[in-house]
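The structure that follows is given in the form of structure tokens.
We just call them A, B, C, D and E in the order they show up, numbering each chain from 1.
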Amino acid sequence: MAKLTKEDLKKIKDKVLAKSALKEEGPRARVTVHMGTCGIASGAKEVMSALMAEIADAGIRDVAVTTSGCMGMCSREPLVTVECLGREPIKYERMDAAKMKRVFQEHVLKGEIQTPFALARGEESSE
Amino acid sequence: MEEKIRITIDGREVTANPEQTILEAARENGIFIPTLCQYADTTNVGACRVCVVEVEKARTLVASCCMPVSAGMVVRTDTKAVRDAQRMIVELLWASGDHNCLVCEKNGNCELQDLVYWLGIEKPRFPIESPGYEIEKTNSMIVRDLNKCVLCGRCVRACNEIQVNEVLDFSLRGSRAKVGPAFDSDYIASECYFCGECVDACPVGAITFAQARFGGRPWELEKVRTTCTYCGVGCQLDLNINKGKIVKVTGNRDYGPPNQGSLCIKGRFAMDFVQHPDRLQRPLIRKNGELTEATWEEAYDLIARNLSAIKEEHGPDSIAGFASARCTNEENYLFQKFMRAVIGTNNVDHCARL
Amino acid sequence: MTNSIEEIEHTDLILAIGTNTTENHPVIGAKVKKAVRSHGAKLIVIDPRDIALTGYADIWLRQRPGTDVAVLNGLMQIIISEDLYDRDYVAARTEGFAELKKTVARYTPEYVEKISGVKAEDLGRAARMYATAGKAAILYCMGMTQHVSGTDNVKSIANLAMLCGKVGIEGGGVNPLRGQNNVQGACDMGALPDVFTAYQKVAVAEQREKFSRAWGVPLPAKPGLTVVEMMHGATEGTIRGMYIMGENPMLSDPDLSHVESALRKLDFLVVQDIFLTETAKLAHVVLPSACFAEKEGTFTNTERRVQRVRKAVSAPGEARADWEIITGLANRFGYPMQYAGPAQIMEEINSLTPSYGGITCSRIEKEGIQWPCPSPDHPGTKFLHGDKFTRGLGLFHAIDYREPAELPDDEYPLLLTTGRVLYHYHTGTMTRLAKGTSERCPESLVEINPQDADRIGIESGKMVVVSSRRGRVTAKAAVTSRSPEGVVFMNFHFREAAVNLLTNPALDPIAKIPEYKVCAVRVEAA
Amino acid sequence: MKADNAEILKEFTPEAIEILDKVIDKFKGKPGGLIPALEEVQVALGCLPVSVQKRIAAGLHIPVSRVYGVVTFYSFFTMMPRGKHTVRACMGTACYVKGGKAVVEAIEKEFHVKEGQTTADRLFTFETVRCIGACGLAPAVIVNEDVHGGVKPSEVKGILSKYN
Amino acid sequence: MEEPMIGSIPTMQEIPFFAHQKLRVLRNRGIIDPGKIEEYIARDGYLGLAKALTEMTPAEIIKEVTASGLRGRGGAGFPTGLKWQFCSQSKGDVKYVLCNADEGDPGAFMDRSVLEADPHAVLEGMVIAARAIGAHYGYIYCRAEYPLAIHQLNIAIAQARECGLLGKDILGTGFDFDLEIYQGAGAFVCGEETALMTSIEGKRGMPRPRPPFPAVAGLWGKPSVLNNVETFASVAQIVLKGAAWYASVGTEKSKGTKVFALTGDVNNVGLVEVPMGTTLRTIVYEIGGGIPGGKKFKAAQLGGPSGGCIPAEHLDASVDYEKVAELGAIMGSGGLIVMNEDKCIVDIARFFIDFCQDESCGKCTPCREGTKRMLQILTGITEGKGREGDIELLQEMAVIIKNSSLCGLGQTAPNPILSTIRYFRDEYEAHIREGRCPAGVCTALKRYTVDAEKCTGCGVCAKVCPTKAAKGEKKQPHEIDQATCIKCGVCMEKCKFEAIFVN
């Protein structure tokens, strides 16, 4: 990335927001694996591997995968957030490879929220 | 010169230089604050905390050795909190090692002993626990008994900041911390130069002179100030004499230039020769090819006779004299005077070039 | 020293050339290190050996032994060509600059590198660092003087210091570190063949007459012989009698076999010492003297400070202080010498010696005084040449590099240089009797570079034979990169491996100092 | 030069020495470079024995006493060769209150090591650490890079048996 | 379209753990990918910096930060703006900005989490601080135990450099600032500011006396500002949104939010950010979800080994600098460890003093020797060797050590002892006078006894007892001989009738 000026910051913001926004032409969905130290210690890496394997197997191209830091709720790690176009994000708790596989197959691909593992919906509020 | 500022110590208003510490200002005004780790001409580290005082508006007690004075500062050196802290600190130090004055070379000249006495501590409230280090007696110059070490770090600073030999440092940490050469080796196996600065710096009996052991109690020793006989630096030193013998050599930092109390291994530890049995005690005269003892009169006679004869026969310039860079000014003066005025030759030289 | 020891600690730059300060003058060495570590002074070391000071140095120039004039000229060439010299100082206080400039112009960094092995780039850095430092003190020692070019070396140092205006200022100067406790005093007291006290010349009638009057006898005008010349005289038979007070030429002089035969040829030899030294063993009469701890008097240290010596213990047996012995002898010769003690001798010195005029025993009770101190109210002199040099203007000497007298060749392929080690002193008469120093350094070591050692096939701890055209000694090898390739180092403290059996008696033509620092040797496994 | 390397060659291969010298070169003249240099060397060589410390001291122009003082001050540094795996039991407050002490005791008992020691077979070096920041998993045991959370004393053997 | 089952899933705001939090420092958590600077920028990242560099003078930055009431989040709570002002007034062309990421308190992981999840927030704060004091170089002192944090930081630094947000001519304004990570090598004391600087200088991390203060003579003797991760992470938003915004939450003297690492005997272990002044009860019971297993709350340890315990009676206390200090704890960096009734308070005090004495650098006497002796006394008490007068001696020592130690480590090390004696003196006395550990934790004081009513005399305890301390006639109630019992607890574990209990 080239050296930025103040004006560039806003442009980047708009660009990122535009790019990351879910849309029909893709990406339709985004899966975020929360990978802080505690998440990783609880098995977030296995969850991530399972997810990547599922995506590869399914040959899907319009699902974005991203990582993020700790959600703060260490005792429920690993946590995964699934966002699908036009729907509220869902946080899944205490994930493992099998659950990830199921969430991918059912929720991401078919839109069926897996309530047994779901912790919450929506986003945290910040100022 | 910067302007003096006014501060109050123990109710007395005194003046001080702005860059002075509380300790320095107090000392200058004859107010006693005990110290242990403080050592002139080295960094004030504030480690032992014996010198704590109360400063108005300060959150805690402050170490007077490293707290600079500031205008209007109000200091108390003698409150209960100060004394309680000093007592606790000294008790902790006492209990932390093998401070057994009966067998300690420093008895009578020990700063910890002085502190215990000054504070009037009967015995520490903590069980005495010596770390149990082996006493280092592996060289003939310096003995180290780390069981007596109070970790004031004076030896480390003496080694690093005064002599800049950089042989000693702290190792480990917390209550296991130690001072010494790298890898916890003994002095003789280390790169130590045996300048002995650490011995002079040690306030307790942890680092002492090996050859002075049992050579005399501090109060039995007479210190004679003189100039070192070795190199041309001319270090001022104290020969410590007991019963007509040199027991040890100590530096004295009050003497000022040229060495400010520092010495090297030779000045410090190579004075054995003075008392060596091989010293010449009587004049010797060669008789039948052998050097045999004689009286001064016989020796003088023989010299006067022979040199006069040579002078008579070959002239004064057939005689030559070596003066000595080892002898005093007065002796060299007399020697050249002797050669020039008595023998009558300028054939006088010494080893200046060698 | 032109300046004082304490100034070293607070100067901006120290240039140490030909001085292994930490081993030979440990307390001054400490000041150098302190200046660097605590006060941020810069340090330039010029020495063939990797001495302890190099570890503290900003720049270390490792010249081949004996190439100092080339290195110093090289420094000056850069300083002049880059216009870094002190123009005002040179104009106001010196003469002979044009000559100097012309001579040193030849010493380009590349040329100097060829002669000395010092990298051109390093030479440049050093030149700039020295010239641009505020205060800069040069320290030197026997590594400069014990060469056939010794006088040239010293003059070149003076040239450099004057060129940059660093003489006559606090923290600056040209500072020879005197090796023996009272070598300065012995010189000051006229224990030299051509001068009385304070360098008053025997050849100058006026000065001679002053002493003649004071001593009540006529005095010879012709300068006498130097030590090495005396030995030659003894060999040749012109010197028949010798009186040696407290010296041990049998170990300290170069080419010892020659010294021994000279001393043996004497008709009469008197040696006055505290031990039966190698020299004393050859004497006809040996007089036992008191050592420093057994008598009163004064020593003058390397910074011209006259300090008290005090009696702490009694001399053994019938041994007497040297001054007592001399007065006794003089009286026996019919020349009366009556002194109540050294203090009274000092009074006589005060009266005859301008620079010692005000240095009385009582004044130096607490702290020594640095000469010149002409009168009892004079505080002494911290540094010399503040306003002007002794001769008025400082004279530049245009000097060319000359090779040492003996260089390695096929037969003797290595260069031997000699010196002291920290733990011993001179011929070892005293330190070798001390437990501590002997324990720390029990034997002589031949320091040799790993590359040379590999080539010759020797290793640390093995005995080797070192031989020169004059003799051979056996000692233990210490393989170390402290020694540069092609150079071996030995100390001269051990009679078992008396290095002066090897050294070359070639003299500096002016100072008559032998070239202890360079000779050609061969090293082989023993 | 062979003679200069004699001591260190007894313990390390020429390749290892080359790595060491590279690190020394990297930090030569850098203020405060000692600690990062020691960190890198320890990662590369596994430990910092006397010979290595001497070489670092000489290379960085730092007194060897200071190097040793630093090595023994920081708990990260070790002068002894380590085991194949490093087992660290967290003894942060959270782990302590959740039974970390019992886990430590179990490891010590099971593998006959004390804190700071290496097992006789050189398989494990056992240490305790003051909080790895994974308090949510208390009590935690870290083997090499793997964090094991909620460890019970009885599970210790099973967890460690996977490492060999 | 309404999801058929979604109603059964609570919203984030309906979950108490999240509901009571107010995210400022943690505002990007779980949202951005910390490895992508553009995601940070998309959340208004570096706008604060842009404002500071283009619209504000250094004095204005300091004024804004001062007005916000931000206080150092590392423990002592010194006003950040004031610290910067002192440093900005120090003369010198070389100054340093230092970030303390040596989060050494056991039980604290706030800084790790921020560095892992939002490293740019810290960088941005540091650049702003540099601009305020006139520094051009900085260090982040991060403990080596945080490999992921260091990894994320390295990525963030590289990206920021590439974007011209670090290095020369930042954002084209002509301001230069760069920084590097300095890895701690495992010494808790290096969290102390002068020790941290000594450590960066490549030496043993031993604290130096103050004055001179770091603002005057810090790293390498140059004026330096040291703040912790959370403090720096707060700065950019203060600059961007203004002091008034920041000061809008919190108490009179403690403004803004505080991040806590909530751990121990609590249902929701995790990282929480709450407004200053939130009650301990809210944190423990609402956010933390209470104590597992229906156990009782005994105390919360605040401020790690330098802090103190707050007992149940003060659950409703407001958590802010002043109140916490008044209760004998300190805010510290934010470790909040909840302890239930099963925890022995003497054992906890012993744990903390063990930590402090182990981490003491050894330089000053009170800390080096004093903590060792306090540990010895406390260990004695937990082993049943406590003596009358021990409590008083501990108190006296604690006061003197606090009062006379060289650095913050020693000056706070006795806090856990003082606060536990203050609130749980009876528990100390039970150990000393009755040889009893009320919580049944101290092994040496455990007494295993048989409830004769429940015992069926099955003999299992006698069979498993390694020292034959448990014995009795068949079918008769058994007994445990206290003299030979080694308190291994096997008998209790194996008893099928729950007839063996421990007090």
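In this section, a contact is a pair of C-beta atoms (placed from the backbone, for glycine too) under 8 Å apart; a residue touches a chain by one contact, two chains touch by 3 or more.
Here the structure is a predicted model, which is why all the values come from computation and not from measurement.
Ranked by how far their CA centres sit from the centre of chain E, the chains are topped by C. The two chains most heavily joined by C-beta contacts are B-C. With every chain reduced to the mean of its CA atoms, the largest distance from chain B is reached by A.
Centre-to-centre spacing of chain A and chain E amounts to 30 Å, using the average Cα coordinate of each chain. As a whole-number value, the distance joining the C-alpha centres of chain D and chain E reads 25 Å.
Distance from the chain B centre to the chain E centre is 48 Å, each centre being the mean of its Cα atoms. Chain geometry summary: the mean Cα position of chain A and that of chain D are 36 Å apart.
Residues of chain E in contact with two or more other chains: 109, 112-113, 146, 187, 204, 206, 269-270, 359, 361. Touching of two or more other chains is recorded for residues 66, 69, 73, 132-136 of chain D. Under the contact definition stated at the top, the residues of chain B that touch 2 or more other chains are 160, 169-170, 172-173.
Those residues of chain B lying in contact with chain C across their complex are 139-141, 160-165, 188, 193-195, 211, 224-236, 239, 241, 244-246, 255-259, 262-266, 269-276, 278-286, 291, 296, 299-304, 306-308, 310-311, 313-314, 316-342, 344-354. The touching residues of chain B, when paired with chain D in their complex, are 160, 166-173, 181-184, 191. Residues of chain D touching chain A in their complex: 132-137, 140, 147-149.
Against chain D, in their complex, chain E makes its touches with residues 103-109, 112-113, 144-147, 182-188, 199-206, 220, 261, 263-265, 269-270, 301, 304, 335, 337, 339, 343, 348, 351-352, 355, 359, 361.
Residues of chain A that touch chain E in their complex: 1-6, 9, 12-13, 15-17, 20, 32, 34, 36-38, 40, 66-76, 79, 81, 86-88, 90-91, 113, 115, 118-127.
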